[in-house]
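First chain A sits with chain B, and in the next complex the same chain sits with chain C.
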Partner chain A sequence: MTDQASLLLKKQLKELTKRPVDGFSAGLADDVNLFEWNVTIMGPPDTLYEGGFFNALLSFPNDYPQSPPTCRFTSEMWHPNVYTDGRVCISILHNPGDDPHGYEVASERWSPVHTVETIMISIISMLSSPNDESPANIDAAKQWRDDREGFKRKVARIVRKSQEML
Partner chain B sequence: MEDDSDYEDSYVASDVEDYPTSEDGDYGYDPQTEPEISMRRAAYTVLSEEELKLRQQEALQQVMQVLSISEGEAVRVLRHCKWDVNRVNEEWFADTEALRDKIGLVDEQPTGSGRRKESCGICFDEFWVSEMHAAPCNHSFCRGCWKGYVHTAISGGPAVLSLRCPLPDCSAAVPAALVTAVSDPKHREKYHLYSLRSFVEDNQRLEWCPAPGCENAVEALHEVSNEAMDVTCRCGSSFCFNCKEEAHRPVDCETVKKWIIKNSAESENLNWILANTKPCPKCKRPIEKNQGCMHMSCSQCKHEFCWLCLASWQEHGERTGGFYNCNKYESAKKRGDYDAESLKREHARVSLQRYMHYYQRWAENDRARSQALSSKAEANDKKLEVLSEFVATPTSQLKFILDAWAQVVECRRILKWTYAYGYYRFGDNIPDEDTAQKQQQGFFEFNQGQAEMFLEKLNGVVEKDLDNLVEEFKREPGLSEVAPDGSVFVDQASSPERQAVWSKFREQLIGLTEVTRMHFVKLVQELEKGLDQLLAFYSEQPEAEAEAEVEPAAVSTAEASGSATPAQQATAKAPKRSKRSRISSRAAADKASNSAAAFSLQEADSELEAEAGYWQCRRCTVINRDLNSQSCSMCAQNRRGPISAS
Partner chain C sequence: MSQTGSQSPDRVSTISTWQQQPDNIVDGAESRPTVSVGEHSLASVGEAGPEQKSEQVTSERPTDEQILAQENQIKAEEAQRHSLIGGIEPLSALAKEYEAGSSVFVNKIKTVEASYRAIRRARGDGNCFFRSFVFAYMEQLVNLQDLPERNRVVTCIRQWEKKLVEAGFEQLVFEDPQMIIIDQLNSLGTLDPLKVSVLESNMLDAELANQVVMYFRMLTSAAIQLRADFFAPFIMGMTDEGLTVEQFRRRCVEPMGEESDHVHIVALTDALQVPVRVVYLDRSLNVMAGGFGGGDSSAQVNHHDFIPETAPSAATATAKPLIPRVHLLYRPGHYDILYPI
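Right after this comes the complex of A and B.
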């Protein structure tokens, strides 16, 4: 399994370095470990996060691509679907096995055909449209719903912070 | 749809089949079944793992033929419809497209030529198309990636049975054939296990036998209702099809559930604490007063206080009328301050005692049932052989002893549950005005008592009396000699005297088994019909009740005289004496069975026999198929009359 995972990750890394995708950049966190990636996500244009550069850590399991990686923001983040410790909560990063509703939403769950690229695209789309139905950060979700101005101010602050960190 | 020849060795047990008959008509004890007592038909089949697979295959074949679909598709459709073939037909023909869509059946897509390479969508390596696999949607992935995908899903649990194509936007179902083709033997086995389990667990008519280690399932042969239905698996364990608890007829599932929760709940401890302790006024720990004086000091916080008024001992001097004259309590009680509290305490004490009463009886019968079960096994293993030598009778003719044990086991079980029933049916305090309720309680307890008395008697005869008899036989000189190595040498031509004693005992036990069975049948019937109706019914037939009340006295006297014969005195003289006492007990048992059968049970008798399709001679135990004949075809014994001497 590990062999397959390393091969696949190596292949994807090569592909991403050769042909970078708009919106994020990716590289190994530690040159000898293929299973830990550092990614930098550019705040998508026309959203509250525009202009920000957010760092995140992607950790792949040994049985990748059968199981999904986890993604954790290392930059400060304020978003209804990101836990206060930075962990990203989106459905495609969930194992299909722990889906209590069966196959109905299987298409939104993890599948081995997902790649770093598709994961990052999902995270970027999460930034532009938060889902406050199943929030990971309840305070952020509440503010997003009830106090949009306050939410905007808070996000503007973390965007500025992320620029200063560069 | 059912081909009987396929299921020859699955038997259909109806509750009235107390003595399962084998095909040649020879009655015999079948260790796989316990006699069951009930009036309602409970038709079911016990299926082994092999038979289950056969059934599953049969359902698949049927669906495949009717809908002309592949096996993989049939599995999906059946699973979706909870393995109900009728429902499959209904849903399929109502809206085929919607159903296909819902469960992910897609039309087979054309596969390209195998002689070209394509990239696997998971590992991005190039493979010959012919080496790749795909669900009917034809989204190909390499074998290695399929394997990983399938294995991960199998490890994830039974949800693998609804596995879809790995492509997120494709909902095509992955057929079982593909799963088995790419998985290794260990995972494949697990997959098949899930598939079989789905057949049983999703199917409303099938339930696993809950006994540990038993892999059989029980199939209900009729529409499943939410009512209690006792079934007996081939492994010998009985359980309720509806609630999976142990068999508990005639009590309903709800009562059993409540009772079991109550038995395990901590609430009874709390009740005890409430009834027997008071909290320390300072640290609030419960204190049980175990010494006489009212001056308490808490063992935990050393607080000193008065047990009566719970006030600190310091302010308990002259002001309250002396240290040991706590009139504060009296005046407070007069004002009504403590009434609610002490009432609650008193109430808790009473209800705890009441619960203990029922629980002890429930638990004792439960224990007695286990003991009877092991005694039955012991009798089967050892005792029958010893006995068969003593009385020169083949063990096959001694099955009636096992029947008696089986009856004891079954009756203990029923009796046990009637205590749970009694606990819930009749409240803590039935007010005197509620005569109907009082009457019902009295009636229930009378019947319970009757049934219990016969059961005790039967238990005594099959256990103690039989042992005594064997002891007696052992002591009789000349007929059998115990060799130094423990083996018994027996003169096959046993004395006529012994044969007479033996046949008396045999008849007594058979009669008693039957009478006990009848009493429990009656008890079960009554509880299932409901007490209200029954009271109305019986109030029209007062004589029957009176008659039933007379017989216990007769039997208990007989028992007293019967068991009063000490086994040690059974010397040369003893046979005569014990014979006499046995005759008297025989007579009493005859009388008991007569009056019971003749009056209150005759109707139940005929009903049972009609349902079973035979009647059993109470003397020689032969099965009579002619329901209209009044005398036994074997020994000419009158069907309902007193058992005549042989």
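Right after this comes the complex of A and C.
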């Protein structure tokens, strides 16, 4: 299984090094392991996360692209769709048979067409528009819904923190 | 009777409660229920309205987690029972499975036997249409050493490169799978041509075979995008939510394991210009135009030919009716390969 995965990941690394994409930067976490990537996501402009630099770890399974990678923020994050341990919970990172949001919620699931770039674009879009209907972090979702001011303050704090870590 | 044999009739009779009529896409595209992935017995459960929250009806309706767990269990059982692609079997092997079940099926299989000598099964993992189609097509090229058709399809696949990029796929995602397919095709006519035994082992190798399936899923998705105006009304009518073409591509075409419907078949046969015949083995008793079989209406077997719409045949000197190159057997929710006599 690993042959196809390595080859595809190597190509993406080369491509992203040659032609970086706006909004994030990506590289291997450890030079000898193609399956673990460090990414830094710039908080998207005109959102609460603007100005932040958030680090995350992308871990690819051996059968990528048949199965999705996992993405976990290593920077502090406060968002309805990010678990308190940093794991990102968006539908495209789930296989059709592995959906925590339930059976009937029709949403876009993982398909082998996704790359580091398209995954990052989805995560950036998640930062821009939280989905509080199927929250991973219930406290964050509640605050997003009921106490928007408090939510903004909390996010402003993690944005500042992420800048200090640079 | 074998263990497998005694189970199948039950399984199939559950499936057949939805009895679909094999129709032309114009009026038949919506005939398949929205919930699928080969988990037939769950269809009625899955169709419960979205407003029906699981907490309220726990006694009648399993939770989402239970449904998913059962789905995954059925998939695992299926994986144990069938390899990705099976060997050639006589149709009598299929008939045996239904002996204790529906006589309609047994009679229909007899009718199918008049035109077909054998069957080759694909695993029922939601990719069976793609696996069956690709295998049957390539096996025929190998057996006939059909170099003109090989040249045509290789050119066709290369021409799709640009269109795949235009449809939003990254080149690096599809270039390896594309190469796997073209390399196998291009070996025909060389000193070391592809053999059926090698094709078999390639399609049994999950890594290789799934890349091939993935490529044809992308091709199908791009073909749907390219003719979005044509497909939109059918796609709209397939589900209650009325999916857009874009949503349909992302949810029902590109992910592995999503079952294929008329829309997929029309798109792929058009994209590759490969005509396909689908023979329907279901419990319907209707005598339909386009079917074949004897005077006994219960043994009438319907089929539908998917003839590429944009067939260039009229423009060429070799203009002739496009006869199906690939023959598939459809049982509700599943496709296998048929071998004509």
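The rule is short, and it goes like this: the second predicted complex is superposed on the first by the 157 of 166 C-alpha atoms of A that agree within 3 Å, B and C clash if a C-alpha of one lies under 4 Å from a C-alpha of the other, contacts with A are read in each partner's own complex, and residues count from 1 in each chain.
One rule holds in what follows: a residue touches a chain if its C-beta (ideal position, glycine included) is under 8 Å from a C-beta of that chain, and two chains touch if they have at least 3 such contacts.
Here the structure is a predicted model, which is why all the values come from computation and not from measurement.
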Which superposed partner A:Pro112 touches (first chain B, second chain C, both, neither): both
Touching A:Gln66, do we find chain B (first), chain C (second), both, or neither? both
Chain B versus chain C as contact partner of A:Asp3, first or second or both or neither: second
Regarding the shared-chain residue A:Lys11, is it in contact with chain B (first), chain C (second), both, or neither? both
Contacts on chain A seen with chain B and repeated with chain C across the two complexes: 1, 4, 7-8, 11, 63, 65-66, 96-99, 102-103, 106-109, 111-113
Spell out the part of chain A that touches chain C in their complex, as residue ranges. 1, 3-4, 7-8, 11-12, 15, 63, 65-66, 96-99, 102-104, 106-113, 115, 117-118
Which residues of chain B touch chain A in the complex? 104, 121-124, 144-145, 148-149, 151-153, 155-157, 159, 162, 164, 166-169, 171
Quick one: in the complex, what on chain A touches chain B? 1, 4, 7-8, 11, 63, 65-67, 92, 95-99, 102-103, 106-109, 111-114
Chain A partner contacts - residues on chain C that touch it in the complex: 37, 46, 48, 50, 54, 64-65, 67-68, 71-72, 75, 169-170, 172-173, 176, 206-207, 210-211, 214, 217-218, 239, 241, 247, 250-251, 254-258
